[in-house]
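This structure is in structure tokens; I'll ask about it shortly.
Chains: A, B, C, D, E and F, in written order; residue numbering restarts at 1 for each.
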Amino acid sequence: MDSYVLELLEKGKRIDGRRLDEFRKIEIRENVVEKAEGSASVKIGETHVIAGVKAEIAQPFPDSPDEGILIVNAEFTPLASPEFEPGPPGEDEIELARVVDRGIRESKCIELEKLCIQPGEKVWCIFVDISVLNHQGNLLDASALASLVALRNTRIPKLEDGKIIRGEYQGKLPVIFKPINVSIAKIRENLLVDPNFEEEKVTEAKISVAVRDDDKICAIQKQGSKEILFEEIDKIIDLAVEKSKEIRKLVK
Amino acid sequence: MDSYVLELLEKGKRIDGRRLDEFRKIEIRENVVEKAEGSASVKIGETHVIAGVKAEIAQPFPDSPDEGILIVNAEFTPLASPEFEPGPPGEDEIELARVVDRGIRESKCIELEKLCIQPGEKVWCIFVDISVLNHQGNLLDASALASLVALRNTRIPKLEDGKIIRGEYQGKLPVIFKPINVSIAKIRENLLVDPNFEEEKVTEAKISVAVRDDDKICAIQKQGSKEILFEEIDKIIDLAVEKSKEIRKLVK
Amino acid sequence: MDSYVLELLEKGKRIDGRRLDEFRKIEIRENVVEKAEGSASVKIGETHVIAGVKAEIAQPFPDSPDEGILIVNAEFTPLASPEFEPGPPGEDEIELARVVDRGIRESKCIELEKLCIQPGEKVWCIFVDISVLNHQGNLLDASALASLVALRNTRIPKLEDGKIIRGEYQGKLPVIFKPINVSIAKIRENLLVDPNFEEEKVTEAKISVAVRDDDKICAIQKQGSKEILFEEIDKIIDLAVEKSKEIRKLVK
Amino acid sequence: MKRGEVKLITDGKRIDGRKPEEMRNVEIKLDVISRSDGSAEVAFGKTRVLASVYGPRALFPKYLQEHETGILRCRYSMAPFSVDERKSPAPDRRSIELSKVIRLALEPAIFLEDFPKTVVDVYLEVIEADGSTRVTGINASSLALALAGIPMRDLVCACSVGKINDTLILDLNGREDNYSEVDMAFAMMPGKGKITLLQMDGLVTKEELKKLIEIAKSTCEKIYEMQKNALREKYRVSE
Amino acid sequence: MKRGEVKLITDGKRIDGRKPEEMRNVEIKLDVISRSDGSAEVAFGKTRVLASVYGPRALFPKYLQEHETGILRCRYSMAPFSVDERKSPAPDRRSIELSKVIRLALEPAIFLEDFPKTVVDVYLEVIEADGSTRVTGINASSLALALAGIPMRDLVCACSVGKINDTLILDLNGREDNYSEVDMAFAMMPGKGKITLLQMDGLVTKEELKKLIEIAKSTCEKIYEMQKNALREKYRVSE
Amino acid sequence: MKRGEVKLITDGKRIDGRKPEEMRNVEIKLDVISRSDGSAEVAFGKTRVLASVYGPRALFPKYLQEHETGILRCRYSMAPFSVDERKSPAPDRRSIELSKVIRLALEPAIFLEDFPKTVVDVYLEVIEADGSTRVTGINASSLALALAGIPMRDLVCACSVGKINDTLILDLNGREDNYSEVDMAFAMMPGKGKITLLQMDGLVTKEELKKLIEIAKSTCEKIYEMQKNALREKYRVSE
């Protein structure tokens, strides 16, 4: 299969017939988990992730006593791929969660200071948990998108005597931007948007770029075990900004 | 040995000469550990377990702010059997502890609401720790019995300025029933009470039944990797209720 | 190499030309880590360790509500030796840390009662962390020495509203003695001071002795998998007391 | 609040409006995970569980292999967002016990002796938990195993039953799970009439227990038809 | 409270009424665990420790095997209920250190080179802890090893000694363990006159140290007789 | 306090007195760990990182070996005393991510295919952390790999760049790391003109990003000379 991917690429073609700069079909479903404060299911092709948001009460960090806390966590469930195994999170899960976290955090889309309950004592801690359910490549873009959509439909629970009333809500979580993550793979001299599982296996380097509504870039992460060239960076950034607009339209 | 067990069973006999519905000799010793708030050593044949109770102060669970907490924990110490290995508790230890816990909890023998020190703030947390010291089969019934006896001789420590005074006591833990656990093994068409180690190795399915003083059943757990038949369930329940009366007489 | 060490010893010689009762060259550098409240780098020959002290606020132990807490921790970083592996601390790291801890604690060189901030509520917790950076034998003496020197240059941070002001200090940690650890290896009938890596590989037993300024012994730990004789103990203690004076002179 | 202290039935209706022996809506989806050898999603009301099967596949390290039989492994896990209070993704004691009882509920149905030295992995993920997750998971696993082509003696069907005051109920939701007087998880091979899971908490008489088992049995027989229909439909449609 | 701050001796009597160099009552039981290859229970007063030996047995995974010698492993563990405040069953730093020093105290006595590639496991469980648990455990281990038929150069005997004010004491109880000025754990092979464990905390002069070692030595010689008597009696009775 | 909320630049001077595109003092020491196959210590101002290389060496257990290539492993770790608040020595999520990105930054430079079935271990220890620890560590690793004689396509050079208000800055210190608007870690093989690490946080326009990369590139070229000089000097002196 690996050599087939490469052969086709020589002719500028991809195994699933897409153009190099084309995403697979994206399917977003909102509020898929009632128990969650917010949730979304995202499919990019056959890749499937669910993101769920839970709000808990926590002590703020000492250096930001009046700000809420955002924690992003990812699990590559062993259901999703024969390569995944049960156990504590591995480096790929941790990296994915941290890159999704930075895309959201650096875009400043969540006003953490609005999540303070009692300065220095109690703030909302927003957990975004990503469950990967089917791994057909480009988990990062799917996870970032699911997280964004889940956050955008998140409701903050009601409080009574400082305790959370489950199932009742005081309002929506304020999410004021739509940062979009776009991952671009380098295979030989080709740059491919949204690599699928087979393409990722022969990917030399991958650049993931988070782009905000105003086309500002809020996070970049190079992945893959090979190098990338200066001129490729420029093309990748341009392509990411362009594709981010396309995907952003899918987000309510 | 396995085939010897089966051969004898064909003739309705057991390798240690017992009747199918006969327990091995049960030996109970109370207060075997002075440092513990309550303790018991139970031998069923050569199977040996010690249960020890410690009382600590803890925060109550949010949904039961005026109730004490009961925690049952089991350790298959590596001393007890060449099969046991040091390390974090495995699934069999966890299952045993949880089944013992349910037998006690569901019988309502402990009035947890009497273990409140300060509602919502401080309650007694009763730890029952089971140490298996020799594994010759039927660890569950021995563990449940040792736990019950240990709880029945448990004394609640004195408090001074909200701190525990070790070695001084304010009274007994109220334990108002005597739930008894009876395990019955299915080997081919036979139902055996109190299977020993060799019998357990060829056991197809095992049903453990916890029975309260009023013959009500308070917990059931099927174990073993083979199925059980509907008509067998009835016989097992009848047998368990009958044997529970016998064992209950041994408990002060 | 092992047999070469033994051959030379037959003639009363060591592979690096030292006398049996001779330490390798000791090099002490103070305040090597600005972020630390105290720190020291110690080289004994090529063996290299750094000890760093951090002061944090903690709750006192219930049985000593008005005393600070001392915690000694050691890491055999995988940088230091091909034998060391990443992972949770092994028994050798734990033993080393505990022996260093006892040498310091039992000498009473730190007045823990001066580290109380608010009795029963808040005390200083003094963490001594030892990082082994190059393992050429006798890690224990190097670690104990680095810990002592680091503690002796430790400054207690300033507090404001009960919070630590990093980088500002209210004064020095009071350290009133200089306990010195001396390790002596037994190889056949020889007693060697400060065994190097090659010597440790053929060491039968090792005795580590912590000695205080007044020649009182404050901790002893026998190591190694072979026995030691009564008459050897006497010689070892005398030698340790003597060498401790020599090393103590190096400590400001 | 404890078992029995919450009002769970009023005028013969349960808190979600069901009659005592009424099941929630059951939803079955097959082949939901393309990378898996067999997968299914089953929902009982809001409770939704995915099962994914991998194997039979080689087992490493080798000393874990059994020379005369294959090995079945199960892992029950809850998504952190599937419950009211966020659940840490690390397995807790409950998940470890449930993983074992689910394995034992499935094992009697599988011809493990047909593929020695290998392992079949059944992974369960609870997407949303509103009671009866283990039995929902067993139904999903049964379908996933069948879809993975694992040779089976029969499908395994499961349901929960319980008791509120003196009323016996079927298919407990989350609140009933916590506060009903009795809670029983049950699984069987309906084609064989054999029980593979029986777990009960709470006080019952022998007579009540018998009735609970009867209700569970007849429900499992209905679920058997649902499982078979789902599989039949798939093979009609897709092959 | 710290070492030296608690009054532990009054009119020459210790808090439990003993004289300075008096041992607590010693109780020895052999073969207490039928599944074990060798087992013993030793009590020094209320301190009670079980030792159980398995091996020599094959060691897996294979890369842990030593080709020229057997391996000895020890695990010291305290039952959660053996101490005042419940102890979590996970091994803490103290248990890990004690497991090592106990192993090193026993190792010189065992002909490990007689069974290469194998392992001997010595497991210790403290049932009740009132001081001197490690030395009590070494005595139990020595007996359990002998009963398991492990070839030994000698039995290993152990005791604790210490100092209160200027008085040297023998066999420390729990309170003395915590608050005496000096605490020393000692083990030897009495038939060989060789020391296998020496651990000391607290301030002593060289002369005091010498005396402590003398007391420990003569006590270990007494314990040697107890160990031998127990073994002799067993073989007289049972074989 | 958050990114952008702390005043980090005044009259064109940064808080430590540097100009925007000024590096801190760089210190390089080679062969600092005698037991290692190759080692180096690099300091950027107060930030000080040690790197130590072991290998190529055989990899166990065997099933981890790759038959056609060697494996590179990296471990980034911070000494507990290297930061303001004591850091627990157990690896946290940040360390695990950094270990991965450092590995990927070094891997393109190494002829791993030259030593199949083996592993090269690169261990990093941050002795003091005042910003830019990962890039300092990459420079130390590059030198340690070269000293260990690992065949390399080129040295790997790394630096950090960032943005404060509208000023682009070079070589971020700890406070700038936390509070500047943009923080970028960059590594390349200067002799090949190829980028091996690119990580960015914070808001930038495409144009700013381009400029940041340019500054990083020319800085890496300077660091390249420093690395080469250090190696040259060593071989002149010592061989």
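Quick note on the criterion: a residue touches a chain if its C-beta (ideal position, glycine included) is under 8 Å from a C-beta of that chain, and two chains touch if they have at least 3 such contacts.
Just so we're clear, the structure is a prediction, and the values are computed from it rather than from any experiment.
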Where chain C and chain F overlap in contact partners, by chain label: E
Distance from the mean Cα position of chain F to that of chain A, given in whole angstrom: 27
Between chain F and chain E, distance of the C-alpha-averaged centres to the nearest whole Å: 51
Distance between the centres, which are taken as Cα means, of chain D and chain A, whole angstrom: 32
Contacts with 2+ other chains: residues of chain C: 89
Overlap residues in chain E, where contacts from two or more other chains coincide: 61
Chains that touch, pairwise: A-D, A-F, B-D, B-E, C-E, C-F, D-E, D-F, E-F
Residues of chain D defined as touching chain F within the complex: 60-61
Residues on chain C engaged by chain F in the complex (per definition of touch): 32-36, 39, 46, 48, 50, 52-54, 56, 73, 75, 77-82, 86, 88-89, 127, 129, 131, 133-136, 166, 197
Interfacial residue positions of chain D with respect to chain B in the complex: 1-3, 93-94, 96-97, 99-101, 104, 107-108, 184, 188-189, 192-206, 209-210, 213, 217
Of all residues in chain E, those that touch chain B in their complex: 32-36, 39, 46, 50-52, 54, 57, 75, 77, 79-86, 89-91, 121, 123-125, 127-130
Touching residues (chain side chain F, partner chain D) in the complex: 61, 63
